[in-house]
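Below you'll find a set of structures to go through.
Two complexes, one shared chain (chain A), two partners (chain B, chain C).
After this line comes the complex of A and B, so read on.
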């Protein structure tokens, strides 16, 4: 006669039986695994087959079908991208970037800006006065032939948003900025050198993603200085863009070691405007709405 | 018809709906009042000769009370539009109020000055951006904070960066004489290529070709390569997911996690040996790695096969023993 342990009314006895069952289960599992291991040691094909079949479901591989995802060697996209706002950069125009903050920026914001200055070559920090509107500043930058303008916004003296404006024609992207860790806060961090870093842009798969990725790319010099062995990564995962900077060393043909330089932070796109920054009449290419977030398997970048 | 004296008697001693009594004196709310004070001289109702300057919708008017139209209250004020130019406006006031009491002319001019100034200020402010406060939504923040942490775990940043760097190295993206690689490591990679070419391992070859970026003239192209996004699948064997992968039938394995740790380690070792072969098995799957795309239009994988061209001319051919070593290790 079989009965389930949950039917036993005596608590102590029930617990005892539960414990026994748990141990038995673990034992069986261990045994099964050992057998499997032995079996697979003899013929590795079994293991390969198992690994091939046993792919865990993740949000990434169960992603909703999205028309905007760009296939490999999409000619239409390639053609579009040859003519877009970043074409001049990819044809060899050197980037010249200005960074500023909101007026009266706090210490945390300025120190974050300083970190960014160390990351991006040709980045110039200008302290923001109260006198000029952002749109006026954009005009000044255009006149001085800057290719990008970065504005760090703060709230309660903490940097909260980053606005990235590509000049002279746009687009403008607005990001939420979270989880900033300065380089010095990272234990065992490396020191940055002034070499131009390499760039890794991971997993920007849709049209929107490509635009954002190209925006980041156009901040950095086209030709990196490899002797610096510095690599800057923008990794997009589920619409969160993780920023990291590392120094690397190739140990052998299969192994590479990383040492983080910092800073790290996370960006999340809030909106992308087509032209230059215009809060009143601007045309939004994409903007975050709560309605969009109906499924976790849908991503936009 | 309207006797100013009688009107004032009524307003002053009985009731006036425009009157505001304060400790400092009586004030007047009437929109046509010149100064805002309540007295016999400055009352717009009890004076048949009265003038003021008013502003509506950004335009200034000189308003003159006309005694002849007193029986039509809606029409009793003669409105003369004043030009934006201050001097011209003053001239118009002087012209229209030629024989009016001096104090009234002066106060009208004062009002004109005040209105001109505030209109200028208004126009200036209009040109500026309004600062709107955008709320940071607590609930959204909280939700995104936890999702961010989970996304970061799923991203496996270090592994994906390492993978990308190695891919660049192996695909010769750093040029023929890379500055960021140790000489020995570089030789190893070149030798690896040679071994591949000789032993003619087709699967490996194909994998390499797929990964290979066509180089731009001076290495420009590679910097903005977007990378395929199914790193999760390809990292199969390395560490964290062993638990899941080993569980074939039994999914709920939370109970004996502590015991399985040791096994995981040994499995890892086993895996590291099989690393290369398992990665080649990726090729069989119709993966989404096809989705990988470049910011640059990535050219087709280069057709220069490893058996032709510069690879044949490399001098390491003489170093027979090391190559043998490599072969056996492979």
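After this line comes the complex of A and C, so read on.
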């Protein structure tokens, strides 16, 4: 008969009894696990069954139910995506991307931007002057048939935000940039080449996530150069998008080795606006607001 | 409760929400379903197929009334109307200039393509370039439809003809046109640097072709006085709502893109009788409650707030909307408000008190318009029980209720 040690009023006695119970519990658990191990050694199917069913709850698999998660083979979504703002890219139009910063960018920002120029093939960097406003720059880019404009925002001498503007009329996404590490700061880093990289977009599950994923995809050339053995990864986990760039090599048919090229940074979507950059008057498809954070288990991408 | 939504892919969808299923309950049921399906998938034998998960909330039923996914046919304006045969229908104005009347069951009753949409405009106005034509207002009455484009072209045309009964050219850069609910021939127009003007479609005199109207509007608003720096206050009317039944001396509430809400009274003066700056962002949509002197206004970021028209105070806000709201509607008794917008949801909230979220429905498209179908009655549990009790009484054997005749033997003593 088990009773709760907490009902004993005498502290010394209570501690004694509780300690005894704790040891007994640990012993019982060890014994149970030993027996289980023995059973599973004899019968490997039991082990497989246990591994399959006894999956612990994590924040990822207890995610709050979201109807916006795209189910497998959703026809309507597929048809809509065939006609959306990125349809021209997925139908073969080559990307032409321009990157710039906010005016008076410092060393850290420009070195980050120059690394990005090595990541995205055919990315052009134009130093931002003080003559033209961003709205005018967007007009110039449209006239010269650029497909995307990337603006890196600097604050306190560090790059803090990235704004991705898809042209000619596409959505504008604004991200918070954190945890930037340049390639040189990564020990044992590989050297980049100018080959077109392969692209990995992980876990963009909702409709909003699809839009953001497609925005990233439309920066890179459609057909990668496999000879270059470079891969760029945008991995989304709980609304944090991790950017990594690796070089891979197949040692034999069973083993692949990875070497990170860098840079490394994390993005967090702040808002997605329909239409070109107009944060004051434009209509937002999704904007982060504090009252959207109703639970820890809720993510939007 | 039943809603019909129009979206950017040109689809009209019907949404049925069961008022008796609470949001929390539906969410927890759905979460259990997803977990169970994930577990079933994990414990699959190699040959079995993964079961399909029903990714919708309980109590929500969605169907497509009409349309195929096509961005060209995206719906800009939609309103409920009645077809001459008595069918309930929608009038729909699309991006490519097509005007359709589609019955509630999906049957296409009428279509007309506005010929002016085939040429792309390229007009410099107000310091910017207007490069597209779109509908900013649509209404039907008296077997005519009344449309307004952003270039100020008003078309009052009969269903039977290919030529407009009246074509009027109002100033460029119109942002919204709305008609009076009780008198749909009276409409209000406003836009960027275009003050509110109220016209009567039946009595206005049109010129030849597309020209300025020859008669005056019922009401033309005047700008507020210069501000404290003696600078002219810019004008950008984004939405208007008629606030009284009187159409000859209308009273109107407007929202502006400069975060203001203004009230006008045609009997009093041309300047607004009230001018309040209530928002932190440009206000794009306005709804007047038909039961109380309140306004609901929505901005470009998904903030929907409620304000009292008498005091100008903000009395509440709807929380949890992540994208811009494009359409709002109240239920018949004014106790619930539904919002639909670019975040692809139809959400229902309490219209007063704590403004709690009551229901939500995920439609897969960005919604541009929504109609709350008041004619669709759903019964509350109380009413269902009453109905069931009545049925029991109806079906009871009437003979059993008659008082039994006493036997002579029992009576005699």
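Odds and ends about this structure:
What we mean here is this: the second predicted complex is superposed on the first by the 259 of 301 C-alpha atoms of A that agree within 3 Å, B and C clash if a C-alpha of one lies under 4 Å from a C-alpha of the other, contacts with A are read in each partner's own complex, and residues count from 1 in each chain.
We adopt the following convention: contacts are C-beta pairs under 8 Å (C-beta built on N, C-alpha and C of every residue); 3 or more make two chains touch, one makes a residue touch a chain.
As the structure is a prediction and not an experimental result, all values here were calculated from the model.
Using the contact criterion defined above for the overlaid structures, shared-chain residue A:133 touches chain B, although it does not reach chain C.
Taking chain A as the reference, the larger set of touched residues comes from B, when chain B and chain C are compared.
Contacts of A:145 after superposition: neither chain B nor chain C is touched.
When the two structures are aligned on the shared chain, A:69 is found in touch with chain B and with chain C. Once the two complexes are overlaid on the shared chain, A:35 sits clear of chain B and of chain C alike. In the superposed pair of complexes, A:58 makes contact with chain B only, with no contact to chain C. Residue contacts after overlaying the shared chain place A:281 against chain C, while chain B stays out of touching range. Shared-chain residue A:291: touches chain C; no touch with chain B. Of the two partner chains, chain C is the only one that A:83 touches; chain B does not reach it. Note: residues 52, 55, 61, 69, 71-72, 74, 77, 280 of chain A belong to the chain B contact set and to the chain C contact set alike, using the contact criterion stated above. Taken in their complex, chain B has these residues touching chain A: 128-129, 132, 136, 140, 144-145, 147-148, 150-152, 154-155, 157-158, 160-162, 164-166, 169-170, 174, 178-182, 185, 188-189, 192, 218-220, 223-230, 232-233, 236-237, 241, 244-246, 248, 250, 253, 255-256, 259-260, 263, 266-267, 270, 274-275, 277-278, 281, 284-285, 288, 290-293, 295-298, 300. Only residues 52-53, 55, 61, 64-65, 67-69, 71-72, 74, 76-77, 79-80, 83-84, 207, 274, 280-287, 289, 291-292, 294, 300 of chain A touch chain C when the two sit together in their complex.
Looking at the complex, you find that chain A touches chain B at residues 22, 25-26, 29-30, 33, 36-37, 41, 44, 47-48, 50-52, 54-56, 58-61, 69-75, 77-78, 81-82, 90, 133-135, 155, 160, 176, 178-179, 198-205, 210, 213-214, 217, 220, 222-224, 226-229, 231, 233, 235, 237-240, 242, 244, 246, 248-254, 256, 258, 266, 268, 279-280, 290, 296.
Taken in their complex, chain C has these residues touching chain A: 9, 27, 30-31, 34-35, 38-39, 42-43, 52-53, 55-57, 68-71, 257, 281-282, 284, 300-302, 319-320, 322-324, 342-344, 362, 364-366.
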